[in-house]
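Multiple structures are listed underneath, in structure tokens.
Paired with subunit B in one complex and with subunit C in the other, subunit A is shared by the two complexes that follow.
After this line comes the complex of A and B, so read on.
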């Protein structure tokens, strides 16, 4: 974690010298009473945050896990213990299986499409071109919009026959699917992915641009003097230097793709014929629409475990290999 | 891969062409919505790609004259303000000892917040719905949505604020301490004012996340308590024949988040950057 606010090196050194002296004085003053007091202070500061997290994050997550072992329709006490039955129902449910596949398609498509595209745009926009600031602002606009609002606009754009996109495509002679892009099972997920890319590419570009700002110009100049081409400079110098940003973006993108809900709910509701269900739409339709709370609980646990396993694997494989390379 | 070997600091025509394409693709849908709101349904049906002719203000006037719209906007605003206030206050309080105190469980405690990033609201959504509506009796209220949202915003808040607080010069604190100030006094009078830029960043992020939220309000709010995203989504399904009206409603609903974000763009970008850099 790098701080966005960094002091000049000279300040830090001067500060450290002062701090060492003050620390020495403080240590002698410290007593057992101070220690207790310090503990109370820490408790005072972290208590509200921990309480909020405990009540609204940890408790519901555990409660979802508990729910997953019962058959419960939401009325009366939770007494009908069914062991792992909900899990076997969920894991053998074709719709859930498809949902998992859809989530992973989005995870990998995001990395395979948005990463190169975002990097390419960031590298292009990192040049000294006119209106660069404005471009950055514009590229960030879709990210700012609510997924729901972006979804509603795209839903209108993608209307079969009357929507702008079909009209434009037809007028240039590109055939459009009979049921519309969102109504054709084979195309619906791709269409959702295109809209998600429109919505989230700006974040990737912005983060990569921010990373590029940290790459000193002299490196480029030196490489250029040595006769390196533009592509070689990017490939050998720039991209390795912004690798931490890229890795973090991949991580955020992965987690986001696994949780995908809003856009799908607005564009297709998971349809047509479950072609775009995700784990989140599955558990919402099981939980809040059909009141199969046990099933929804089991699906939540599976969603969490998949996300957690991917996060751990990512940390282990990508980040560890990286620190070894640095050493 | 075709490349431009010379003068790679500046852009050639190719770069401008790509930039133009990006602008068109990015702004196209937004402009389509905004312009579509100035057209009639007949105009939209005749030629979806044309400009308004004549320009009609009635869709926008209709939305602004709609009581529902103002009610949703009020709900969105209040919920976002409560979420932001709670998340920022609890977040900066938690980040403070994590940044400025030395204690044994500091890193494990920080890890709790980092792990919080891994719990998507979707995982907990059904029990959360039961907790808020039945156990706390806060179903269909502002607080019922704002408190869980603040809780889910906390991990990001703490993760972004901690380095801000760590970067504050230690001498200030030490000096205040020698002058007899308590840690809590130092927190209020020194740490808080000095970390204002960080607080603005996390505040805006929490505000916009709440303003744009859909899933939790969808489950918890009905009728008059709905927020703008719910209002837009419902309007779009209820008035599916009135495309122009839907576009006008959607466009107006976009504006507040856009203004806020654009006004504070630099702050947000530096905050995200700080949070993301390995």
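After this line comes the complex of A and C, so read on.
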């Protein structure tokens, strides 16, 4: 009789253990199923984006890279393998060299001009001034406009003699260039840059304003109590605190400047006399216009590598501080 | 749709399929792309297709009318994929030769010999490769100076210039009268390049030019001479302000727009100019009665024929994969009947002699006379030499307009691009 009695608790224990084990197994099985389900869910929702990315980004990159080793006119089989010849043609082409220089001029000019200007405007618009909403809208509207539409409007404004800008300038006695601002090789790139600044300043101001929202008012108050001037507050507190935003903007601006195409294409088409060619206009003119798809492919690979190298370098040298701070 | 909107990088995505069946699919359906997207041309071509269907029971013609630029883009994508419409437009020259080499176009020499026989052989040459005809030109025009008769009269010019010297003198007269003499859409490059084509046509003998098209050899000194003649003209500064970025024919501030609105006295442009100018003026009349035309002047000491004309046009081609009935459609399109209707509707400059008298527009009728009396019509160089050499040439000429290339450099740049082709 004892044995059943003694056996009973053991059984119970064993039973409990079994139940626990079963529970544990059920839990692990359930959590395993959950995990798998979660993975499937992620896959399901991400798949369309991945597919689009593969079709429109990954495939074209590899396709352009492949194209760059062939002489190919855009139709028929790609069979005329020429090795690195297309690359040597691109890299020795004066026009491409000029294009790279123009891209870097825009990269540095953007940061040197648009950064201080955007920061100043953001600080100004962050103060309580009358008509702040209207001013913010005026500055941001150009960025919302389609680039091509903005380009066409500026092209008309900049028409020699008859355009609004020359009419205004001559009426107040400022001399205008004989061939117009866009038609004079020495002025064309500067003119394009001015239009780009008008177009993209709004983005800088918007980002900086958003960054400024994250700066707690208490810091300003504390600094003011300590007797700091407005200028000192901005320089010692506000700007260091929105530095991550500034660095992110610089990155976006740099990549945008390297890929610059639309505005140049509309305003000058890369001219006059190649004064405003960029890497992107070069590869369009070689590919779509001259049907030298191999050369265009090589140029696009060079553009990709320059962009990639700059992005990685920036990530390592500048942005790493921000990501490390987050972690 | 993906293909037509694809840019350079994704272009091959469309080319990867090797299914070469023509759109439309079966032997009973013919797809036909054309760019007569406005009335009366659009309706006329629909009627033509219906008439053809009536004469060929069981055949269905699928007509697709597109704006010209759309058609060019779609054709480019179609060439890349090899999936061509059955009947489409070819501009001839090097471009056509490339399509022939890739096996995309059908040889029409035998099947359409009757129609080919009617077309002026000088006109037809642009659509022949190795003596075989691959497309039938249905509208061919010539390039020349379009001018404003009133402004010429105002400047005291009573006779259009016949030599480059006279042209320079007239430029001075116009400037003296406060009129901008010439507009040129150098921003698009080809309008500037047309000047060099013409000075080359006036400087070089026909044989030299014909050789150059096949041998891609530009060593004859006449090509440098052509650049020198042009350089002299550019130095007169006859052009509209900002001409280096002026577009050819988009908007009122384009080169054609400036002529149409009476702001310049003349422009070197193709046979389409009156139509373009009509579209750029509010009353849709363009220059109207003031429109005048004179051929490109002779170059002093040039070996070229001053009567020779630079021109080009459009031809109907049949895709290699098309059903045989497509060839019949093209033959029908070149028939006396269809070409006469084409001429009556002022859709272009017909090539079938039976139709040339039916052209009602006086400006176009005049051009047909010039074309048919010319000893030969040289196809636009950029078309004749193919896109790669042609655009290198155009870019170099545009640089000469900007004062940044010498006559020798035009030849060198062109030769360099040509050597890459060999």
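By definition in this document, the second predicted complex is superposed on the first by the 282 of 327 C-alpha atoms of A that agree within 3 Å, B and C clash if a C-alpha of one lies under 4 Å from a C-alpha of the other, contacts with A are read in each partner's own complex, and residues count from 1 in each chain.
Criterion: a contact is a pair of C-beta atoms (placed from the backbone, for glycine too) under 8 Å apart; a residue touches a chain by one contact, two chains touch by 3 or more.
These numbers were taken from a predicted model, which means no experiment stands behind them.
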If we overlay the two complexes on their shared chain A, which of subunit B and subunit C does A:288 touch? Say first, second, both or neither. both
For A:156, is the partner it touches subunit B (first), subunit C (second), both, or none of the two (neither)? both
Based on the superposed arrangement, let me know which partner A:233 touches: subunit B (first), subunit C (second), both, or neither? first
Kindly classify A:185 by the partners it touches after superposition: subunit B alone (first), subunit C alone (second), both, or neither? second
Partner chain in contact with A:93 - subunit B first, subunit C second, else both or neither: neither
Give one of first, second, both or neither to describe whether A:271 is in contact with subunit B, with subunit C, with both, or with none. second
Output check: A:41 vs subunit B and subunit C. Expected answer is one of first, second, both, neither. What do you get? first
Applying the document's definition of touch, where does A:55 land relative to subunit B and subunit C: first, second, both, or neither? both
When the two structures are overlaid on chain A, which partner does A:64 contact: first (subunit B), second (subunit C), both, or neither? both
In this superposed model, does subunit C or subunit B come into contact with more residues of subunit A? B
Considering each complex separately, which residues of subunit A are in contact with subunit B in the first and with subunit C in the second? 55-56, 59-61, 63-64, 67, 74, 156, 159, 162, 283-284, 287-288, 293, 296, 300
Report the residues of subunit A in contact with subunit C in the complex, numbered from low to high. 55-56, 59-61, 63-64, 66-67, 73-76, 78, 89, 156, 159-162, 178-180, 182-183, 185, 188, 267-269, 271-274, 283-285, 287-293, 296, 300
Subunit B touches which residues of subunit A in the complex? 1-7, 11, 15, 18-19, 22, 26, 38-39, 41-42, 44-46, 48-50, 52-53, 55-57, 59-61, 63-64, 67, 74, 121, 124-125, 127-129, 131, 135, 137-142, 144-157, 159, 162-164, 167-168, 171, 198, 202-203, 206-207, 210-211, 214, 220, 224, 229-231, 233, 244-245, 247-249, 252, 255, 258-259, 261-262, 265-266, 279-280, 283-284, 287-288, 293, 296-297, 300-301, 303-304, 307-308, 311
Within their complex, state which residues of subunit C touch subunit A. 7-13, 15, 76, 79-80, 82, 98-99, 101-104, 186-188, 240-246, 251, 253, 386-388, 391-392, 398-399, 402-404, 420
The answer for subunit B against subunit A in the complex is residues 1, 3-5, 8-11, 15-16, 18-19, 22-23, 25-27, 29-30, 32-33, 36, 44-45, 47-49, 86, 89-91, 93-94, 96-98, 101, 103, 109, 112-113, 116-131, 147-148, 150-152, 154-155, 158-159, 162-164, 166-167, 169-171, 174, 177-178, 183-184, 187, 197-198, 208, 211-215, 219, 228-230, 232-233, 236, 243, 246-247, 250, 253-254, 257-258, 261-262, 265, 269-278
